[in-house]
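Some structures are shown below for you to check.
Here come two complexes built around subunit A, the first alongside subunit B, the second alongside subunit C.
This part shows the complex of A and B:
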């Protein structure tokens, strides 16, 4: 079962990383093939396991402010900033569709 | 032989004034410079290390050392945040990223007076089993340059031999393992998600401890798989690992997945009577591809326990062969989520693309991540698609429970500790290793280690013997949840029986003038 171009395109949109070349797509195909072995296991009546610590309660601390005031440190590593803001390019502009994007998938 | 001493030995020397922290630090830094060809370190924090050493020296002068770790040079894998020091995860995505804070485990080490020499090399974002896939290049196994390996290798042309014959460290904490193995530090931090501390420990002939999930804080460890990651400990002997564990374990309010039980640091007893011990040998760990050499060593180890009076039983962990598949799905799914934070906006690499937020994110991630990372993100997203969620992700979570239950059943039946191989074979030459892709290699190499991560159990690699090629082979002990004391006690007993040989590195001898003590007793192999 080969993954369709629509799904590959959808994945590139969701992940915001690219397949780059046929090797990248092959890699996914092989990963799916590998994962399909899971279906050999009988899991009837088995509950999914989120965490090995499921029998314990997670620690919740009191809702008190104990640290903060580190704006300067947090801004240090950002490349584009203005005063105390991180600066992003304009939002609400969707990624170009497959036909208009520069992607390896275009040729598929 | 100061550099080749154990952590506890050198700590005693510091206390007695036989060596000073600054002298020790200088020697380690010099050895790091001389072993640059190993590529074990990404960043050497020379200035801060010397400053820490000076402060330690002041404390020793006043007779007020902070504890065993005061003045001890250590190294930290480059996926732990270290304040003021670059943290790269061996990726272009974080080149130039200076952490604004210390990971809890790093802070604890510093609070105990340890001297942080530098950050060690790894596979990019800890994804891999060779320490070959980072942007700073591969790490070389110090044993490639050992007398023991050179004696056994078929000489080609002299120059070709040194350059192309070197073997990998294993991974992903290869830099940390190499750093400890080559005596440039007395302990190092690694991380372990699928075997990333134990695998390179086995290949580099050092002790690699994966603690129980929830025992040591992950705060500041750049996450790969939140439900499986743990900080790992690499040392040259089991007692040293216990020392590190003692200073690192315990509840951290900043990591709510650390358990709240009180943790008491312990010293390991010198076990002499193993007759009350029950050792389990899981038959499924006789995995396809296991070298006959390692199989023989495993068998010999089992006999060692039997002859010493322990109860040795064959046990079954029936879902073992599905654990690597299960791990693959859960790992890529969590990776897809964890890597989403890297978008260029707040830290790390940022693309020049300005058209839109999304296109900037996409370009940043295209430029910042290598093939392996991108591949896992895409696979993970595939398994998390609505149409696949039940079929793959939830299914894998169910299989995870079956795997965890296998261990519960075995431990409930009276077994104290499991004994298994750590790796399928000794370290491969780099040229051979890179012929298969990262995912295939990881799937092969993690097979014996990652079930412990799935079940959250503590596990440790103990160097056992040298292979026919003169390279280290280790065996793995897996213990019950939070029973590190029992696990390490058994490991220490085993370590004493096998007397694993000390690596003979010419470059180290030159730096470590003093009496070099040969391990006299018959080696295990």
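This part shows the complex of A and C:
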């Protein structure tokens, strides 16, 4: 069962990651096949495990102020800044639609 | 024309009142220099991990208990993914699968009837309460075509309270939110000041004909006060009805309330139905809460949250406070609502009652009619009142002892508002407002009047 172009396009939108070429798509395909092996296991009545930490204690921190006040350090990472603000584009720039962008997926 | 049934549900985000953030030790404070209250974790720098703040969990448990919820002894954290400049990690840590509290209820009251004197109690079901992170703040600079991002708010703890669509109009929504606000402030779990963004409300609105399935709903955001909430909801209900009666359709969209125009408009930047790809937060084990029965013997008590312990220490909720006021002072239920609705008014009233012999039933009139209307006229809070409870009690004592008439008392009060430091007795003496008590003196005056008449 191959992953459809619609799903691949949707994934590119969600993750903003480009599959780039047939090799990228093939790798995804193989990863899904690998994970699908889980379906071979009978898990009726078994509570899903979603974290290997499930039997660990969740540490609770006291409500004290112990961090912050490092504006200068944080802004060192910013490509652009205005006074002490990070600068970003005016809004999300959505990925253009499949027909309108250069992507390997077009040809599929 | 068939009648329409409006359906209103609410999603309320209340900022938790705590010193530090939900998963980091940076400070929670309104209006600080940009990006000064931001830790490496809040800025999502690689290698940082979330560490849960105990106080935030306690706040959520308190709130859940006050709203009659079942507290989930095991709740989980998840990641909700979306891209936005004020969400540096690219995901928000929330509780989507198993939140901390579920299935509660909130009772609120409305004034109905011709003289707004009939009190009706309604209930709205609370679907759930979940803990989640707040995002940073985006300041849109349209002239330079850019957004300025301040992460001071990023990571602040929020309680999202989801109210089922049990309400039917703006007035009900507003009353429910007002009651929730009072409860949160009484608990101290949130200061819930809407103007400072500590309480944010999104409304889900739809309409349908009786007997038919629910209509398509819209989400209304950008509501900045309880008054605007009522307006926004009522406008949206009307808009949907008109749209449908004109043969149009209601789109499942997000709209913003424009307070200047008093209407809702479609929001830009919403790219259709979002796919958030929820996944368990891999860095946080389940949150386990205990009660007295399940309390483990050997655990460090700082690491243990006991639901029963919190339940025992809940303060009197507004509804209980009102009942007590009505019972203790023999005032009307409507009076108790007004007393609690104004910050500090109930305390002022009780203070006056303690210092005067006048019956509370009579005192309340002076508090609600004279004091409150004066404060409202001059936009003052109870704390800013130029007339203290001591002065008012002093005045009411003069009235009670029949040393002045009630008309005179009102004149003295008018003088006291000036805040010139005079006592009621001084004003009475100055303006000669004393009631004459002396029988002989009264007889002389009456006789003089009669004599004057005879002369004509």
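Quick notes on this structure:
Following the convention adopted for this analysis, the second predicted complex is superposed on the first by the 103 of 108 C-alpha atoms of A that agree within 3 Å, B and C clash if a C-alpha of one lies under 4 Å from a C-alpha of the other, contacts with A are read in each partner's own complex, and residues count from 1 in each chain.
Basically, a residue touches a chain if its C-beta (ideal position, glycine included) is under 8 Å from a C-beta of that chain, and two chains touch if they have at least 3 such contacts.
Computed from a prediction, not measured in an experiment: that's the story for all the values here.
In the overlay built on the shared chain, the residue A:84 is in contact with subunit C alone; subunit B does not reach it. Looking at the shared chain after the overlay, A:19 reaches subunit B, while subunit C stays out of its contact range.
In the superposition on chain A, A:41 makes contact with subunit B only, while subunit C stays out of contact range.
By the touch criterion stated above, A:51 is placed in contact with subunit B and with subunit C alike. When the two complexes are superposed, the chain touching more residues of subunit A, out of subunit B and subunit C, is B. By the document's definition of touching, of the two partners only subunit C reaches A:69; subunit B does not. When the two complexes are overlaid on their common chain A, residue A:32 makes contact with subunit B while staying clear of subunit C. Within subunit A, the residues touched by subunit B in the first complex and by subunit C in the second are 10, 14, 16, 50-51, 53, 56, 58-61, 70, 74, 77, 86, 88-91, 94. Subunit A makes touch with subunit B in their complex at residues 3, 7, 10-12, 14-20, 23-24, 27-28, 30-32, 34-35, 37-41, 43, 46-53, 56, 58-61, 70, 73-74, 76-80, 86, 88-91, 93-96. Taken together, the subunit A residues at the contact with subunit C in this complex read 10, 14, 16, 50-51, 53-71, 74-75, 77, 82-92, 94. Those residues of subunit B whose C-beta lies close enough to touch subunit A in the complex are 97-98, 100-101, 213-214, 227, 251, 253, 256-260, 319, 322, 325-326, 328-329, 332, 336, 343-348, 350, 353-362, 365-366, 369, 371, 374-375, 377-379, 381-383, 385, 391-392, 394-402, 404, 437, 439, 443, 454-456, 481. Residues 18-20, 24-27, 33-41, 43, 45, 51-57, 76, 81, 83-85, 138-142, 145-151, 268-269, 271, 275, 277, 280, 282-288, 302-303, 305 of subunit C are the ones touching subunit A in the complex.
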